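What follows is one structure encoded as structure tokens, with my remarks underneath.
Letters A, B, C and D mark the chains as written, and numbering starts fresh at 1 in each.
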Amino acid sequence: MKKQDVFDSISPIDYRYPDKEVVHYLSENGFTRYKLLVEIALIKTLHKRGICGADVIKEVELACEKVTTEDIYDEEGRIKHDIRALVNCIRDKISKAAKRFVHMMATSFDISDTANAARYKDVTKKILLPKLIKLARVLIEITKREAETKQIGRTHGQHAVPITFGFAIAEYVSRLGKCILSLDKLSDELVGKFSGAVGGYNASSLFFDDPEVFEQEILAELGLKPADHSTQIVQPEPLIRLLCEVVTTAGVLANLSRDMRNLQRTEIGEVGEAFEGDQVGSSTMPQKRNPINFENAESFYTIVMPRIITVFMNQISEHQRDLTNSASARTYGEIFAYVASTAERLTRTMKKLQVDKDNLQRNLAFQQDLIIAEPLYIILAAMGHPDAHEKVRLLTLQAQQKHKPLEKIAIADKEIAPYFEKMTPYQRKTLSNPSTYTGISVEKAKKIAAEWTERLKELEQNIGRGTFPTIPK
Amino acid sequence: MKKQDVFDSISPIDYRYPDKEVVHYLSENGFTRYKLLVEIALIKTLHKRGICGADVIKEVELACEKVTTEDIYDEEGRIKHDIRALVNCIRDKISKAAKRFVHMMATSFDISDTANAARYKDVTKKILLPKLIKLARVLIEITKREAETKQIGRTHGQHAVPITFGFAIAEYVSRLGKCILSLDKLSDELVGKFSGAVGGYNASSLFFDDPEVFEQEILAELGLKPADHSTQIVQPEPLIRLLCEVVTTAGVLANLSRDMRNLQRTEIGEVGEAFEGDQVGSSTMPQKRNPINFENAESFYTIVMPRIITVFMNQISEHQRDLTNSASARTYGEIFAYVASTAERLTRTMKKLQVDKDNLQRNLAFQQDLIIAEPLYIILAAMGHPDAHEKVRLLTLQAQQKHKPLEKIAIADKEIAPYFEKMTPYQRKTLSNPSTYTGISVEKAKKIAAEWTERLKELEQNIGRGTFPTIPK
Amino acid sequence: MKKQDVFDSISPIDYRYPDKEVVHYLSENGFTRYKLLVEIALIKTLHKRGICGADVIKEVELACEKVTTEDIYDEEGRIKHDIRALVNCIRDKISKAAKRFVHMMATSFDISDTANAARYKDVTKKILLPKLIKLARVLIEITKREAETKQIGRTHGQHAVPITFGFAIAEYVSRLGKCILSLDKLSDELVGKFSGAVGGYNASSLFFDDPEVFEQEILAELGLKPADHSTQIVQPEPLIRLLCEVVTTAGVLANLSRDMRNLQRTEIGEVGEAFEGDQVGSSTMPQKRNPINFENAESFYTIVMPRIITVFMNQISEHQRDLTNSASARTYGEIFAYVASTAERLTRTMKKLQVDKDNLQRNLAFQQDLIIAEPLYIILAAMGHPDAHEKVRLLTLQAQQKHKPLEKIAIADKEIAPYFEKMTPYQRKTLSNPSTYTGISVEKAKKIAAEWTERLKELEQNIGRGTFPTIPK
Amino acid sequence: MKKQDVFDSISPIDYRYPDKEVVHYLSENGFTRYKLLVEIALIKTLHKRGICGADVIKEVELACEKVTTEDIYDEEGRIKHDIRALVNCIRDKISKAAKRFVHMMATSFDISDTANAARYKDVTKKILLPKLIKLARVLIEITKREAETKQIGRTHGQHAVPITFGFAIAEYVSRLGKCILSLDKLSDELVGKFSGAVGGYNASSLFFDDPEVFEQEILAELGLKPADHSTQIVQPEPLIRLLCEVVTTAGVLANLSRDMRNLQRTEIGEVGEAFEGDQVGSSTMPQKRNPINFENAESFYTIVMPRIITVFMNQISEHQRDLTNSASARTYGEIFAYVASTAERLTRTMKKLQVDKDNLQRNLAFQQDLIIAEPLYIILAAMGHPDAHEKVRLLTLQAQQKHKPLEKIAIADKEIAPYFEKMTPYQRKTLSNPSTYTGISVEKAKKIAAEWTERLKELEQNIGRGTFPTIPK
């Protein structure tokens, strides 16, 4: 193993935010592991077709267990070709008779692109989705728990009309839930390839009449399907779609974080991140309670979102391929890693989110009188007032100038008074007690919590069913 | 109508690349039209629920036919609120009794966001998809016509092994085809809303016990569905997903253009854009045949792709919404417009694409001897040569140095000669005549052409079935 | 003139946010005007060199006054070449003898790129910079006026230690000021070219021994210089640098807007946008005071910032140029237009910014006791307390639990009491009256206001001195 | 030292493309080193002001030599604050009496931001610029060597008129040269800060009457200056400007690579990357000579360019700062690292660039006859032909149809023949021998080579003069 001081790393994903679970898939060692799996899948398929014996599978599997990334890099240093280096490393460890079956008919990107499809599918299914589902469940819990906790709704940072805190969180259950479903589906659509140097099955058709079936057989060993057409590389779009959704998911998490961060402002104080015992808030201001985890989630978003441009730039590859995407596609793993880490962090933080009911109540009461402006205008309009919006605007100004409740001002207004008499009791009650003006926020919060509990349960069972070959390590 | 010199426009989409068809949906007039449709849908639903008479529908529809964007802007100039201005313009044109039903219970973004969902769905289904299908069919025609036209495959700009030109175009049939299917699906998933100022149905629940059903009824008038949760605005993700796919589609078109442009290089000359009679190639170099249409398609891609960042930035909206996405979301129409225009232009250009068979043949022969390096290595390896890759590499260098055909060098090589005797006739033939080494390129091209002919036919029938209310104009 | 309904435009810069002043430079008509100026500059230089008579200048100038963009587009429709079309339009309007001098030795991009350099320089100097300077002066006024208005400083949305509102605004005076200086400098570095079809002066050296001097003479007519090397096009970097700075400037304006928007939150309420008489805040919530102008400024930023990717993508042009930047470079004017409009809007908004001193005072008092944590820790540390940070953190927790002022808790603490006795009077005063703990905020605000008043005055005089030929229109 | 397998890294900058030299500055260990330098600079300044003894400097310096990043991370794990952890690590290693001077009056970002300014300035001056200058010199060498090597100029991938290969490379000397000058200047403009938690010098003004001077003194120890205003953090614009220029530089290198890569196409073959002995071109196509280094340079560009969006997103920080830029700003080092590596790689590749004069000659002759179209049209126009452009276009078509040289066709044309008689000998010669139609390409190439040799020499002397304190490690 080529060891080095972890703090000699340049990328924070390697020295500050690494995560053992994702490293297994996304590190260079992880990539090696998957490339070896593809080489093994080839051997197994050759065996099924009677081209090599079962002993060759055994030999190659044993060899693959011993191949290290370091060996491959050393060999690559010598011959300047990464996949050929990997092949040499396998072949060095097997019998002369078996050698010829290794990488037989394959081109480099049959191996690399297939390995990437397999590991990105795997990391999505086994790491990212479980982490996101865990977060979604924490949000569902809050939605249920706070379904009836009143909160002032805000638009433009201004108080609008009331909702409940559970309803506000239900937004993220719904948005995150849909991302989860979409990620699952898009990861299933990643494709591999075994169609040779320019996609025409030139090599494999030297030996088989059904090279497309041969390709399907190899990929089936890895739980993958081929695209209906590939060049030297697989079509870029399936991975682009998955990465777009990963970034979209990160956007949902960033939006949640932005909201929580703002609710944590000193003047608002509706939520707080629980503070650990020894935690130091600020080096010079020991009293501060910074929303560092939410800020961090937004910051990770700032890292990954722009990288979608790199992904799109790599979509264009000249003719049967150019290599300008080679180094840059190696950075895609970072995108998965940052988003997985964001999910993990937000789960931890939301789990112990403190909801300050006093402050929620205080803020709700802040402009209570003004809240009724909306229902008043709407009721008046519905009852036939010809210009209710303008009328209520003027009454509101009057209420502010006279420092009197809008309801009082309205009832006292000769033009408006008659309308009050014709209102339904529910309408009257709403105007008298604006904090009840929450529409169906409570029911909606509960409904969304219930629905997504079901949908995620279902999804999880499906994901669980997938099987994938793994080299014991 | 507020007229101005079209060349006083700043955006090239307005003075240089406008398209009447898309303008109908994507211009400010188009947006007005759709907002009026939403207001009408509301009135119709109120009528169905017995709240207003059929005469009100009539009145409002007539009024909407008369409302102009200019009127609305004038009113907005006075009251500084765009939707309220639109409402005032309608109300000015109807009876006093009908006024109160206009915009009843609605908040501005119930109208705007629903109108946007409707028009972006519409422009996708009625303009963008038909244009892309037309292009796909032109590509299918070329794929069929050139399925057997041999071409050298290229990787890294270097000659690799042969394919056919039809096979090369089939790549784009397949990639574009999948974008088309995806665009269709994602446009169906755009959602509207009628859930009020903060998404809690606060206003509509003052009148109805089933405000969610009421919302469904209104949206059904427009062929839309609601999201399971919205705030003041609809969830951004459905539109983000559609726009990501629009950009992805643009990327496929740009890649096609890049390939064609390179094939048009003076030294390669495998394809050409047919040149119109009076067309001037260059102001100083009258002899040039510039690939301007392909260059233009790439340039449009350069315009739209980065704008996905704007779309992602707008994903984050604080609490029940902030307005920082308001102006920027108004630019989304440009993305659709540029891509529709790209499709149109490429259809025109590809239709009259000239394929130069002489040059294809010349280029294929360019390094003909070297082409056999791949099959030779693969056959040798398969036959058990312990180090075929390295051996062939050395033979290749030898062939270059001695200026002799690789096949001759190989047969003359003592170590290799015995292998030749054991080869199958097909393998021998391939090595003698490398231009036959096209794998299954021919069959694959034909298969993809056939498959996508079917799939697009099917899709087109489904799109055609959609109906959508339109104000006569 | 080709007139159309302005609301048939797709880009909001054309139907919603146009500005007459920038349209003069940035519209297609503006571009035409500058291209004609370059053709005239060429004629004038030919005259100076004795190649044509003064009458030709006269003729061409008169012709140029009559050429319209519409004519050029009609001609381009026929011959498919934009610059050749422009040349034909001029030549159609002059005597046979004069015709040959028009566009003599020029290649298209000698004209286009030089015209762009001239107009982008011009729009920066004559429109953008004056607007930004005006805004900077409004900010300077606020800085001076509010230099002593105390405000709580905030980090992470949490109260930190006090500053003054003038100091907070001074931040933007300083940041914006530097952008202004940089924009001025970078606009001076835009270059033109007259070096022919591939940059080798191939054409002009058929006639002159000093083609580089000839190029300098033409460009001098337009107040421009040549790059030391160009291909068919000018080097992209000078314009990239200018556009990066335009985007950077937009970022400063967006940051200012974000701050103001947050200070305008209902719970904070330290500033407000003055509200006009008839203005409607929200269609359903008449009481709202939305920070729409600040939101709009952020939204414009969201439009322009990502477009820097387009600019960078256009940096790569193959060999002596490819045309993939042609359409996309036509969108650069929009960047200038949006940012000029942002400056204009913020000037208007900041001019009538309402500062609510009651709320500033209330917020400052909100956690007043906690503010002293910082000075207390720092003083204790400086006086030799071995672990002041940790000690103050514990005292703070104690103060919060006991609901007592931190100062009291600290003085009562046996370990800390002795330190109090040794403090300077200024230090003691600060701890007793935390709102005085503003450091040098007041002086700094005044100093920055004074300095930038000077620097902007100086700059303005320099800009004013530039002269530029303009065709009367 | 916390060791780990280097191939457990996720970012390719850490496992595949690391570079010892940049790691010294850009790794987490590098960052630690610079933060310690800032703490030492503070102590030194306190000593100069007579606040602590010289022995404290000694103690702290010795302590800093022993502090490891791993220790700091362990401490941070405990107290959850990175800078406070660093401070604790220093303080643990010094006498009780000295402890209080460490970090005295400082806030975290006084240390972090100043450290970043110092190390980014340093890595620019000591690593990036020297590498770029080295590359520029290689390009200058090629420019001089190939100043007279004729090459066909290309626009739109089409043959245009001739230049020389040296002239083509001179483009990059000029463009890269200006980037180098700009990087040097912008790195000098990076600023540090010591103005406390919200930028008001709240802490330091408890002790000094001249806190701004105190700040200057500390920063002077590090070769830095303060901004005229800062908040908790330094103004972002100086670093934004530097990073924009780093990306711009990467764009120039990518453009060079694109050009070289295209010249290396099989059909063009004007240049080649020298191939190392054991190098394997392709795993299945042993004959290929892939332009992998140029492809790699473009790929690195695809990584770094989009990240400018991250940099711009971090420009917006709320009030006296929010922390959403904290994690993302940690990725900036990667930008420097990738671009430094690109420079290194291109230097290596360009040094051994093979220029194939036969192919240059062959390509130049490819459409030789057509090349004269431009000079012919220009000369005719200058001589008064009323419609030379159109005339030459028609002659060109005629030449193509009749497969005859354009010159012959032209001389034989009755209308044109008389013009030939009036031409200067130089003009006639050019038309007879189009390969001489290179304008002043030769002189220009030589001039640029000479000029930039001088300018870089000058710059290098200036850079060399900078001194910077470094802890021996």
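Assume contacts are C-beta pairs under 8 Å (C-beta built on N, C-alpha and C of every residue); 3 or more make two chains touch, one makes a residue touch a chain.
A quick note: this is a predicted structure, and the numbers were derived from the prediction, not measured.
On superposing C-alpha atoms, the copy chain C sits rotated by 180° relative to chain D, to the nearest 5. Averaged C-alpha coordinates give centres for chain A and chain B that are 25 Å from one another. Centre-to-centre separation of chain A and chain C, using mean CA positions: 35 Å.
Chain contacts: chain D has residues 84, 154-157, 160-161, 196-197, 203, 261-262, 280-285, 290, 292, 295, 305-306, 308-309, 322-323, 374, 378, 389 touching two or more partner chains. The touch graph of these protein chains is complete, with an edge between every pair of chains.
Of all the residues in chain B, the ones that touch chain C in their complex are 1-18, 22-23, 26-29, 32, 68-70, 73, 78-81, 83-84, 87, 103, 106-108, 196-197, 203, 261, 276, 278-285, 290, 292, 295-296, 298-300, 302-303, 305-310, 313-314, 322-328, 330-331, 333-334, 337. For chain A in complex with chain B, the residues that touch the partner chain are 84, 96-97, 99-100, 104-105, 153-157, 160-163, 167-168, 170-171, 173-175, 178-179, 182, 196-207, 211-212, 227-229, 231-232, 235-237, 240-241, 244-245, 247-248, 251-252, 254-255, 258-259, 262, 305-306, 308-309, 312, 315-323, 374-375, 378-379, 381-386, 388-389, 426-427, 430, 437-441, 444, 448, 451. Per the touch definition, chain D reaches chain B in the complex via residues 154-161, 261-262, 264-268, 280-292, 295, 309, 363, 366-367, 370, 373-374, 377-378, 389, 392-393, 396, 406.
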